[in-house]
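Got some structures for you, see below.
Common to both upcoming complexes is subunit A, partnered first by subunit B, then by subunit C.
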Partner chain A sequence: MRLLPNVILLLVLLALWESLHLAVGPSAMASPWATAARLASLLAQADTWRHIGATASAFAWSLLLACVGGVALGMLLGLNAMAGNVAEPILMNLYALPKVTLYPLVLLCFGLGLGSKVAFGVMHGLIPILLFTMNALRHLPPVYMRSARSLRLAPWQTAWHILLPAIAGEVLAGIRLGFALTLLGVLIGEMFASQKGLGYLAMTAMGAGDIATLLAIALLLTCFAVTGNALLLRVGRHLEHP
Partner chain B sequence: MTKESVIRLCVVVGFIALVEGLCRTGVIGATVMTAPSQMASQLLRVLAAGTYNHDIAFSFINIVCAAVLAVVAGFGLGVVIHSLPRLRQALEPLLSSYYAVPTFIFYPVFIVLFGVGHGSIIAIAVLLAIVAMITATLSGLDRIPAVLRKTARVMRLSRARTALAIELPAALPHLFGGVKLAVAYAFIGVIASEFILSGAGMGYAIAYAYNQFDNANMYALMLLVLLSVTLVNGLLNHIDRRLQRRQQR
Partner chain C sequence: MSRALPLSDLVRMQAARRPEPVHVELAQVTRRFTHPATGEPFQALGPIDLALVKGEFFSIVGPSGCGKSTLLDLLSGLGKPSSGRVLFEGKPVNGVPEGVGVVFQENAAFPWLCVRDNIAFGLRRAGVEAAEVQRRVDYALGFMGLRDFAKAYPAQLSGGMRQRVCIARTLVTQPRLILLDEPFGALDQQTRLLMGDELLKLWRETGATVLLITHALDEAAMLSGRVGVMSTRPGLFIDFVDTGWPADRDSRVVSTPRFGEITARLWEKLRVETLKIMGGAH
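After this line comes the complex of A and B, so read on.
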């Protein structure tokens, strides 16, 4: 029964999709059933799995780099109040910047292929993780640092045994946002600078006006993103009420 | 000026000087990046000549329309959803995982629906920005202290008066956080859609210059986008700080 609202929401969304399909015609919007059938036929091709693999590896690298870099930099800036205050407006500004604008620069630095895809994903995902980590540390009750000092912990021990567990919930919220943005970054990267990956596949479908394939890819990505998000939410709830 | 903003200024100026130096000495080649001073002078030149005026106007009309639509509709929907707890409970999973969906992938659908032009670009930007506003409205309305509503009842204010004189001012700082995000997402949505597929706009002009290996104009336009985002952000932050201060008084 706990899942009932989700099921109703899903049914309403499907009904909206179907009615939009009926309103504008199959050339503008494939029906849910046609999209699912197209997705099934796409998944039966070995070629599709090559594209999925390319996107998955680029995404995994980006997310790893964004998480490690974001948490590490966020801790440094969160612990040093002055550095944090200096950096925050600059970071907020970078967050609001349409990063597509910097795309040519990334491409010229990293070339076509995995490097620029990963760089683009990290650019999107790192800043939210950093900001969440930094703000969590700023609002940390001082007793944590005092107990670390009274136990004479080394800096890395303080970070690993005291700070990280204390801010795990906020860091995870940041990673949840970073997860979504990294995926977006990798896909946009693939749209322009790649011969492989789901973004490239979507771009070719876009060029060919193949709406069914495009929606099938969107459906696949949405399922992946929503599942990842739900898992992270569940881990987050577990961290807050173990 | 506080000590922090002096240091921040030094960091930014130092960074620009570093890039300038690296470009001038040839460590960063001219094919990769033009020096910041050249970007600025080229930007002034194209602005004076009016080469990109049409694209700049196109983008800004899109951004303003998308931001206004997202803020107004997001606020309205937020109020409606807040007043219907059952609906809100059902929508909660959608709202919490909304940004995990790569919205840009639906851009071609909008192109088929609205054609290449203002319509589809504004639609995608609104789609990206509206949920931030809805979420901010919900949390703003949630955080109105119960005592304020009690005061309204004590004073026997009508429902409309309560909303205008008590609830709106109390929720305003949170709402403004949503406005800030909505504007940022409107910028991102508009420039990125123009970059992907469009016949006009700053995003399109950057993509076009990139395809022509026209680094001078490309970097001038990138600087223009960077400057406009910084300016708009700075303005919104300034208003935000004033609202927060009023709240603390």
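After this line comes the complex of A and C, so read on.
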């Protein structure tokens, strides 16, 4: 089973965390047990759930937009060789850009609140999904398109019944990457310009020197990200071996 | 009919076939490309005149790069000629016409669909009624010896099996013209001979006009009613060989003297062309 390595990995991480805690002291690093206890007490408060709700809705919107936009734009650019060749270096540069520098601009456009958070999440998540989709299409065996034409498929049938299933695995890999990056984007957005959300909560905890709360939030987010990743991996494996 | 026919009978059969209606016609067809490296335009094919009679089994052999696949693209409407006319059933070809089926050299089975869904693919997209799809797919599964693999995925099949799936996918659309571009190129010799028999069976059963592109002279000699030999680039027909096989032939014709004669004649023409490509010193 694949369970055992995971359990061992978890134990090793816990041991490292505990030793770090012992080495630097509780004011810099709360122990795993203190963190878990803090998380439990946080989750017992209704207020925490309001913040979780705010982050969750911003994240859900961001991921949806990043996926739909990334796949749609990726398909357009992947199918049009010239547009793809022009767009690729631009996208690469955009992607490499530290996006935090653009945050003031995003705030000006979308104002404080959900809009900015979503925009920031999408900015992080869309480009990898777009690039994965585009490259999957570029490396598509030409015989698929020739088959589509020889079977006299309408353009939408080709897109839906051939292109999408043919690239599904790679698109999903892009979405896995986009998932983590979108979450990151939303959290950074919340840290800088929001009165709600887990990012905001973490920022206030940091200001107050409340290490246990900070780590508790990090733990919660890690659990969420790991679960999301595992689910997407699972879907991907199902696609490969239907 | 499986005994060797006397030559006079063969001649009469040929003569009797002549008045059959022309199914596909190419008139003064050429295709030019630009060279990907130098950007220079060059003529890849033609000018070609060719008429296929309805229901005939015609094969094309020629050195690689002579424009066989290009010719098939023009016939199927997947490509456009630079000049000349391509007619299918009397109408100019513009896009893939209804009634034309293509089998490609590459493995074109969709890996995300099981064998049954692969074969049903074209029919479902065309909106054929579910019961009819089922009926035709069941028939094709049996005909192509794929019944036990209906639920398997292409990755679980051998190369020969996958090519059968592709042939079946084309077959169920009931094409009146079947174009095959080196469909058995990736298969071993024994499998190729057996697949050839399947193809003959399919041809007899459907009455379709078949155009087979192959690099294997024996395949062309054994399967076809007529073989066209193409020259090196720009591809032109330099010879047509009537094999005169009866309609109920199968791979056993390879043991007849006639088979040897046909293959020898094909090779004689092709040898010269192949030598030209290889630098042709001798």
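The rule is short, and it goes like this: the second predicted complex is superposed on the first by the 241 of 242 C-alpha atoms of A that agree within 3 Å, B and C clash if a C-alpha of one lies under 4 Å from a C-alpha of the other, contacts with A are read in each partner's own complex, and residues count from 1 in each chain.
Rule of thumb we're sticking to: contacts are C-beta pairs under 8 Å (C-beta built on N, C-alpha and C of every residue); 3 or more make two chains touch, one makes a residue touch a chain.
Every value quoted in this text rests on a predicted model; they were computed, and no experiment measured them.
Contacts of A:M191 after superposition on the shared chain: subunit B is touched, whereas subunit C is not. Judged by the touch definition given at the top, the superposed model places A:P104 against subunit B, while subunit C stays out of reach. Of the two partner chains placed by superposition, only subunit B is touched by A:A96; subunit C is not.
One of subunit B and subunit C touches more residues of subunit A, and that partner is B. In the superposition on chain A, none of the residues of subunit A is touched both by subunit B in one structure and by subunit C in the other. Of all residues in subunit A, those touching subunit B in their complex are 5-6, 8-9, 13, 24, 27-29, 82, 85-87, 89-90, 92-93, 95-105, 107-109, 177, 179-181, 183-184, 187-188, 191, 202, 205-206, 209, 211, 214-215, 217-218, 221-222, 225-226, 228-230, 233. Within the complex formed with subunit C, the residues of subunit A that make contact are 141, 143-144, 146-147, 149-153, 157, 161-162, 165-166, 168, 239, 242. Against subunit A, in their complex, subunit B makes its touches with residues 3-4, 7-8, 11-12, 31-33, 89-94, 96-97, 99-102, 104-109, 112-113, 183-184, 187-188, 190-192, 195-197, 203, 206, 210, 218, 221-222, 225-226, 229-230, 233, 237. The touching residues of subunit C, when paired with subunit A in their complex, are 76, 78, 95-96, 98, 100-102, 104, 106-108, 110, 112-114, 121-122, 125-126, 153, 170, 173.
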